[in-house]
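What follows is a pair of complexes built around chain A, which joins chain B in one and chain C in the other.
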Partner chain A sequence: MTDLLGWGGIIGQMMVQFAPTLIALIATFALSITYKRRLGLYGKLFDSTIGMIGLALVLFWVYTAFFAGVLDLIATHDPLDQSASMKKKLPGTPYSKLIGKADPEAGAYYILGGDNLGRDVFSRVIAGSIKVILIAPFATIFAFMVGVTLGLPAGYYGGKFDTVLSFIANLVMAFPVILLFYLLVTPEIVHTGIPVYMAAILFIFPVIFLTILWQSRYDTQPAKRNIYVGITLVIGLWLYLGIAWDADPLGLIRFPPNLLVVFVAVVFVNAPTVFRIVRGLVLDIKTRDYVAAAQTRGEGPWYIMLWEILPNARGPLLVDFCLRIGYTTILLGTLGFFGLGLESESADWGKMIIDGRKLLSANILHIAIPPALALLSLVLGLNFLADGLREESLRD
Partner chain B sequence: MLLTALCLTLLVFFLTNLAPNLEKLAKTQGNFRMADEEVTTYLANHGYAQPFLAKYGQWLGVLPGYVIKGHDGQTRAKCAPENRAIETAPRFCGILQGNWGQSSVIKKDVGTVIADKLALTGKLMFWVLVLMVPSALLIGVLAGMREGSRTDRTLSTISITTSATPEYVSGVLFIAVFASSAVGLKWFKGTATSAMDNATFENFFLPVLTIAAYGMGYIARMTRASMAEVMTSQYIRTARLKGVSFGNIVVKHALRNALIAPFTVIMLQFPWLLNGVVIVETLFNYKGFGWAMVLAASNNDIELLLGISVVSVIVVLLTQLISDIGYVYLNPRISVT
Partner chain C sequence: MSKLKPYDGPILEIDQLSISFFTRLREIPAVMDFSVDIQPGEAVGLVGESGCGKSTVALGVMQDLGVNGRIVGGAVRFKGQDLSQLSPEELRDIRGNEIAMIYQEPMASLNPAMRVGQQLSEVPMIHEGIPQAQARQRALDVVRDVKLPDPERILRSYPHQLSGGQQQRIVIAMALMSKPALLILDEPTTALDVTVEAAVVELVKDLGKKYGTSMLFISHNLGLVLETCDRICVMYSGEAVETGSIKDVFDQMQHPYTQALFRSIPLPGADKNTRPLVAIPGNFPLPHERPTGCNFGPRCDYFAPGQCDQRAAIPMQPAKGFERHASRCLRMSDIDWNAPIATAVKTTACDPGKVVLKVDNLRKYYEVAANALLGARGDKKLVKANECLSFEAHEGETLAIVGESGCGKSTFAKVLMGLETATDGQILLDGRNIEQTPINARDTQTVADIQMVFQNPFDTLNPSMTVGRQILRALEVFGHGTSHAQRHGEMMRALDLVKLPREFATRMPRQLSGGQKQRVGIARAFAGGARIVVADEPVSALDVSVQAAVADLLMDIQHDQKTTLLFISHDLSIVRYLSDRVMVMYLGHVVELGSTAQVFAPPYHPYTEALLSAVPIADTRVKKKHIVLEGDVPSALNPPPGCPFQTRCPRKSDVPGGLCDTQLPPLRTLDNGHQIKCHLSDAILSGMDPVFKISPENR
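Right after this comes the complex of A and B.
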C-alpha cells in the first residue's frame, strides 16, 4: 500500500501524464517562432503575448484530446470504471479496488481523486476534452456554412428573401437558449424524429456551399469544374446520408442519435448569429469599388459573393469563428449542466461540474474544480486567441 | 413584435404537444405504470387529443374552451377548474381573456406563479444591474482613457476573462472559494434559498456576483472601445490644447459621448442575463423565474412553459425597443425615421 501523494507529487504526476502534450506544444512553438516571418497571419500571432497565451491554451487541449483519443495516452484510468473504495477520495490517493480485480494497466494513483461513484476525476476531465474538441469546432463550422450560404444572398440581393430570413433569424435569437435546448434535446423529441429532419436541412448547406463555390469559380473551365463539383458531391452526399439520415450505403459513417441532437441544437442556435454578421458585412462590402468592377466585368452574382466579398470579410469572420468555438464550448457545458442529451455516465465537463457542485457544501472540492478549470482555460484560450488575431489583423 | 411572439408561442406549443411529450405528461400526472390505452383516455379526457390548432386557439382565447364528456362519465371543461360548476364557466378562457391556464406541476394558476417568480427574479436582476453597470462602466472608462497603457492592458485582460467564464464555472469557483470551509473563508452562503424571503449580503451576494461578472466583461469592452474612439476625436484635442486638466476632459467632455454605445449594449444584454438567471438560480437553488422554467420544461408543464416563453419573449423584444428609442434620445444625430 503506497501513501497519499502530496501536492508536489500530484503536480509531478500530472506533468508526467501530460508529457506528450507538453512536448508537442513546445515543438510547435519552437518551430513557429523560428519561421514566424514566413507564416503569414499565423506567424504574426507570435508577436502578441495574449495571442500566444491563447494559442498555447487552445493547442494544449487539442493535443491532449488527440493523444488521449487517438493514441490512448495521458488518461490513467477508464473514465467509466468505478471503484467502491475510491469514492470521494482526495487527490493523490493510491488506486485500489474493493470488488473484482484492478486493471493491471491502470495508473497507481487517482491523481485528482475519485468522484462520487469512485471514478478517476483526472481521466474523466481528459475524456471530456475529447468530446468538446470533437464537437465544438465542427458544430461551429457547420453553423458558419449555414450562416454564410444564407447571409451572402440575403445581404447581396436584399428584398423579400432578406426580410423573411432576417425574421426567422430574429425569431430564433429571441428564444431563450436554455428553453430551446429543453424543448429540442430530450429523449421524447428524438423519438419524433425532428432532430433528423433538422439535421437533414442544416447539413445539406455545406454541400450546397462547396458546390456553388466550385461552380462559380470554374464555370469557364468545365473540365476542372466537373472534377471539383463531382468530388464534392460524391463525398458530401455520402457523408450527408451517413450523418443526417444514418443511411450510409457503405455502412461506414454513423452518428450516435443523442450526439446528433446535441450537434443539431448547437448549430441551430449559432447559425442565426452568423447569418446576421455575414449579412451586415456583405451590406458594407458590396458598395466597394472592386465589387462594382466585377459587376461591370459581367461576373455572376455568386462569383462576386463567394470570391470577391467573402475573402474580404475573412478578418472579422475569423475572429468571430474563434469566439464562437468558445461560445459553443460554453453551450455544450450548459447542456451537460442541465443533463440534456447525453448518457448518464459519460464524461462531460458540464455534467461533472453540476455533479460536483452538490458536494461542495460537504467540503469536497476536487470533483467540481478540475472540469471547471478545464472548461475555463479552453474558453479563455479561444478568447485570447481571438483577441490576438483581431489585434494582428487590424495591423495589416 | 406581436408576430414574433405569436410564432414563438406556436413553436413552443407545437414542441410541447408532440405525442411522446404528451405521453410523458400523462404519466407524470396520472401514474408511471399507465398502459397505452389509459394514456389515450387520459389525454382525451383532458382535452389534449384535439387537433393541434384548435388547442392553440383555445389557449390563445380566440376559440371557445373545450367541454368534454370523458370516458369515465365525468365532464371536464377548460374554463372550469375542478371546484367550479361547468354551467357557470365562461365560454372563452385564453390568454386574451387574462387566463393563463393551470400549471400541472405547481398546481396553481400560471398567472400567479409567474407573478411570484418574476418578483423574485426581479429582485435578483435589480441587484445584478446595481453591481454590474457602474463597475463595468468604470472599468471601461479607466481602460479606454489611455489606450495601450498598462492599466488598459490589465483591465482589458480582466474583462476578457470574466466574459469568457460561463456562470456555471464562476459560480462553482465562487462557492468553492468563498463558501466552503475547505478553503476556510466562509464569507458567504453557498445557497440563496433563504434569500427568497430575506435577502442579506451574506446569502445574496454570490448569485448576484456570478451573473454580474459574466455580463460585466462585455459591457466593459464596449465602453472601452467607445471611450478610446472618443478620446482620439478633435474636440478632445482642442480641450487639451486649451489647457483643460485630464480629469476634467474625461469627466466633462468625453464621458457623455462615450456612454452612447454601451447603453444599447446594456439593454441588449438582458436576454443574455435571462440565460444567466436560469443557470444561477439552478446553481444556487433560488426559486425564481429561471428555476420555474427548468421545472416546467423538465416536467413538460405546457401552460407554465407557454406563459414563461411569452414573458421572456416580451422582455427580449421590449428591451430591443427601449434600446432603439434610447439610442435616438442619446444621439440627436439619428432621427426616428
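Right after this comes the complex of A and C.
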C-alpha cells in the first residue's frame, strides 16, 4: 500500500501522463516558430502572444484527445470503471478496489481523486476531451455549411428570398436556446421523429454545398465535373443516409441517436448566426469590381458566390469559426449540465460538473473543479486564438 | 489660448527630415533627408507618386505619425520653434490653430453626427475660448467666404445633407476658422469632379491671398500645382529630387525624374500616333528594395554605371544659374536638358472600319420608391439615367465617353454589357439587337465580344486567386481551347501580350503593383478575343508614371486586334491623347459628339467648354480661358426642365426668350457629323474662342 501523494507528486504524475501531449506541443511550436515567415497567416499567429497562448491551449486539448482516443495514452483508468473504496477520495489517493479484481494495467493512483461513484476524475476529464474535440468542430462545420449555403444567395440576390430567410433566422435566434434544447431532447419530441427530420434537412446541406461547388467550378469541363460531382454524391449521400436516417444500405455507418440529437440541436442553434455573418459579408463583397468582372464574363451566380465571393470572406469567417467552436463547447457543457447530452454514464464535462456541484457544499472540490477548468481552458484558448487571428490578419 | 508670437523668418522650415516606420520585420524609411522652407504667404506644392512619402511629410509636420512612425533625423521648425520639442499640450494648441490640415475625403473629416455650424464654432471656442455666439458669427462669415449659398441653412445642416463639393468647402472653412498661419492640403480635390475641383482650387487660391496663409499643397497632379502654387518640390521614393519655383522646374527641370514625369503626361501636342508619350520604364521601388546610390537610377535614361550607383546617399545640390532651385542628381551639369525627346515608335492611325456597334435612342430609367420607408404604397419616381443615347462605333476606333459622376456613363456600360436591360431604344451589335438580352441569356460569343476593363486596379482582380487562374477562367468560360494544356499556353500568350513576365501566372494579385494588376485586367478582357472593350477609367487610379505605359499598351493591343474601344473617362487630357471620337455626356444626355479635333476646338457646347477649362494642364505655355461653374450636378432624380445644363450654364443669358428653361434643345449637326445639343445661335457658336492658347515659345 502506497501513501497519499502530495501536491508536488500529483503535478509530477500529471506531467508524466501528459508527456506525449507536451512533447507534441513543444515540437509543433519549435517547428512553427522556426518557419513562421513561410507559413502565412498561421505563421503570423506566432507574433502575437495572445494567439500563441490560445493556440497552445487548443492544441493541448487536441493532442490530448488524439493520444487518449487513438493511442490510448494519458488516461490512467477506464473512465467508467467504479471502485467502491475510491468514492470521493482526495487527489493522489492510491488506487484500490473493494469488489472484484483491480485492472493490472491501471495506474497506481487516482491522480485527481475519485468521484461520487468511485471513478477516476483525471481519466474522465481526459475522456471528456475526446467527446468535445470530436463533436464541437464537426457540429460547427455543419452549422457553417448550412449558414454559408443559405447566406450566400440571401446576400447576393437580396429581395424576397433574403427577407424570408432572414426572418426565419431571426425567429430561431429569438427562441431561448436552453428551452429549445429541452424541447428537442424530451423523449416525447424525440419520439415524434422531429429531430430526425431536422437532421434530414440540416445534414443534406454539406452535400448540396459540395455539389454546387464542383458544378459551378467545372461547368466548362464536363468530364472533370462528372467525376467530382459523382464522387461527392456517392460518398455524401451514403454518409447522409447513414447519419441522418440511420439507413446505411451497407450497414457500416451508424450514429448514436443521442449524439444525433445533440448534433442537430447545436447545428440548428448556430446556423442562423453564421447565416447572418455570411449574408453581411456578401453584401459588402458583391460590390467589388472582380465580381462585376465575373458578371460581365457571363459567370453563373453560384460560381460568383462560391468562387469569387466566399474565398474573400474567409478571414472573418475563420475568426468566427474559432469563436463558434468555443461557443459550441460551452453548449455541449450546458447540455451535459442539464442532463440533456449523451448517455448519463459517459464522461462529459458538463455532466461531471453537475455531479460534482452537489458535493461542493460538503467542501469536496476536486470532482467539479477539474472538468470546469478543462472547459474553461479550452474555450479561453479558442477565444484567444480567434483574437490572435483577428489581430494578425488586420496587421501588415 | 493665444497664437505664437509673430516671427520674421520662414513659417515652416523642414530641415533634413527623415522619418521611418518600424514594422516587426524591419525599419522602413519613408522620408529621407527632406528639406523645404515655406515663406509667409507662399504656397509650396509637394508632388510625387503614391508611396513616395509626401503624405508622411505632412503627418511629420503635424507630429502625428502613429505608433509605428518616428522621426529619425532632422527637424521641423514652425515659426522657428522645433515641433519635436513640444509637449502634447503645446502641440494641441498648434494643431488646428496655427497649422490646419485638409484631407482628401471630406466626409471622413466631418463628424456625421454634428451640425456643420456646431463643428465650425468648436474650433475658435476651443483654441481661443471665445463665446459661442461670437464663434457662430465667425462661422457664418467663413462659410460666406467659401462661397456657399444660404450660409444660415448650411450651418444648420448635417454633413450628409451636403454634396461632396460643399462638404469640402466646409472642411476648408473649418481649417480657416482659426486663421492658421499654415494650411496643409493633402490631395484636397482628388475625390471631386473636375468642374467642382476647378471651383475648389479657385477658392483655395483666393482665400490663401485673402488670409495671407502659407500653404503646403500635396498632390499627384502637376497641373493643379501649376495653378495653385508658387514653388514646387518633386518627391521620388522618399526623397525630394528637385525643388524650385514653378517656372524653373516646369520649364528648365534639372532632374531626370522630373523630366520623365513631364514626358509621360499627355500635354497638348501629344498624340498617340505622331508623338506618343514616353513611359518611364520599370516600377516604383518598394521602400525596402531601394537601389544603392540614386533611387531613380534603374529607371533613368541618363544612368551612368559607377557614378550613379556608387554612393549610399546623394545630396541635394543647388542648380547653377538659378535662385532657390536644387536637384538631387550627380549628373546635373552633364546632361543636355534641352535635347529633343527621342521619340518612341510612331504608328499610323488605323482607318475606322465598318460599324460594329450602333446605339439608337437608348433610354434607361430606374424606378425608385419616393419614400424609402413606405415604399410599397408611396408613388414611384423615375431616375432617368440615360436619355436618348444615339451613336455609332466603328471597328478599330476609340470612342471616348466623357462626363462627370452621375452623367450616366456607367449606366450605359451596364446596359451594353447586359447587366441591365434597356428601357427603350436599341443597341445593335453587328445588326443584332442585344439591348433586351441580359448577360445570362447571351450566347458565349456575344459575351466574349463585349468585355470590360475596370477602374480600380486594387479591386479588379480576385485577391484569393492566382493571376494565371483568373485569365484561364476567362478562357474556359469563353470556350477557348479544348484542353487544359492548350488553354495554359494561351494564358501565357495573354501575359506576353500585356508585357508581363510569364512567372506572374503563379503570383497572387497582392504581389503585383497597381499597373501590373491593371495589365492583368486588360489581358483578361482581351483573352476571349473581345471586339468591343469598354474601359471604365482604366488609368485614372494609376500613378502618373505608370499611366502612360498602360494607356499605350491598351492602344497597341487595340491597334493590332482592331478592337473598338469605348473609353470612359473624366480626364480630358488623356481623352484628347488617345481617342478618335469623343462623346460628352451630362445628366444622361449626349450634349456633344464629334471627332476629337472637333470637340476640342470651337464651337463648343458650353458644358464642354467649362470642362476643358477646368482640366489643370501642367504646361506653363498654355493660357486657359477661365470658366468656373456654379453649384453641383443636379440629381438625376429631379432633373431641371428644359436643357439639362441650364442650372449651371454660363452662356444661358445668350439664348433669348428663356428657351433653356422650357425646352430640351434639339441635337444639331454642325459640320462633318459634329453634333451639339444646345440652343445657342450659330453666330454665337462660330464666334467662340478656343479655351487653350499655346504661346509660341518652344521648350
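One rule holds in what follows: the second predicted complex is superposed on the first by the 394 of 396 C-alpha atoms of A that agree within 3 Å, B and C clash if a C-alpha of one lies under 4 Å from a C-alpha of the other, contacts with A are read in each partner's own complex, and residues count from 1 in each chain.
Here is the rule we go by: contacts are C-beta pairs under 8 Å (C-beta built on N, C-alpha and C of every residue); 3 or more make two chains touch, one makes a residue touch a chain.
Everything numeric here is computed off the predicted structure, so don't read it as measured data.
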Query = After lining up the shared chain so the two structures overlap, which partner does A:Pro249 touch, if you call chain B first and chain C second: first, second, both or neither?
reply = neither
Task = State whether A:Ala292 touches chain B only (first), chain C only (second), both chains, or neither.
result = second
Request  = Decide which partner touches more residues of chain A, taking chain B and chain C as the two options.
outcome  = B
Inquiry  = Output check: A:Gly193 vs chain B and chain C. Expected answer is one of first, second, both, neither. What do you get?
reply    = neither
Message = Quick check for you: in the superposed arrangement, does A:Asn170 touch first (chain B), second (chain C), both or neither?
response = first
Message = Going by the contact rule set out at the top, does A:Pro222 touch chain B (first), chain C (second), both, or neither?
response = neither
Touching partner for A:Gly12 - first (chain B), second (chain C), both, neither = neither
Inquiry  = So in the superposed three-chain picture, is A:Glu308 touching just chain B, just chain C, both, or none of them (first/second/both/neither)?
reply    = second
Query = For chain A, which residues are in contact with chain B within the complex?
reply = 50, 167, 170-171, 173-179, 182-184, 186, 188-189, 191-192, 194, 326, 330, 333-334, 337-338, 350, 353-354, 356-357, 360-361, 363-365, 368-369, 372, 375-376, 379-380, 382-384, 387
Query = Which part of chain B faces chain A closely enough to touch in the complex?
reply = 3-4, 7-8, 11-12, 15-16, 18-21, 23-24, 157, 160-161, 163-166, 168-169, 172-173, 175-176, 179-183, 190-191, 271, 274-275, 278-279, 282-283, 290, 293-294, 297-298, 300, 305, 308-309, 312-313, 316-317
Key: Residues of chain C that touch chain A when the two form their complex   = 23-24, 417-419, 439-440, 442, 444, 447, 450-452, 454-456, 459-465, 473-474, 476-479, 484, 521, 524
Request  = Flag every residue of chain A that touches chain C in the complex, lowest number first.
outcome  = 47, 220-221, 288-290, 292-300, 307-308, 311-312, 314, 396
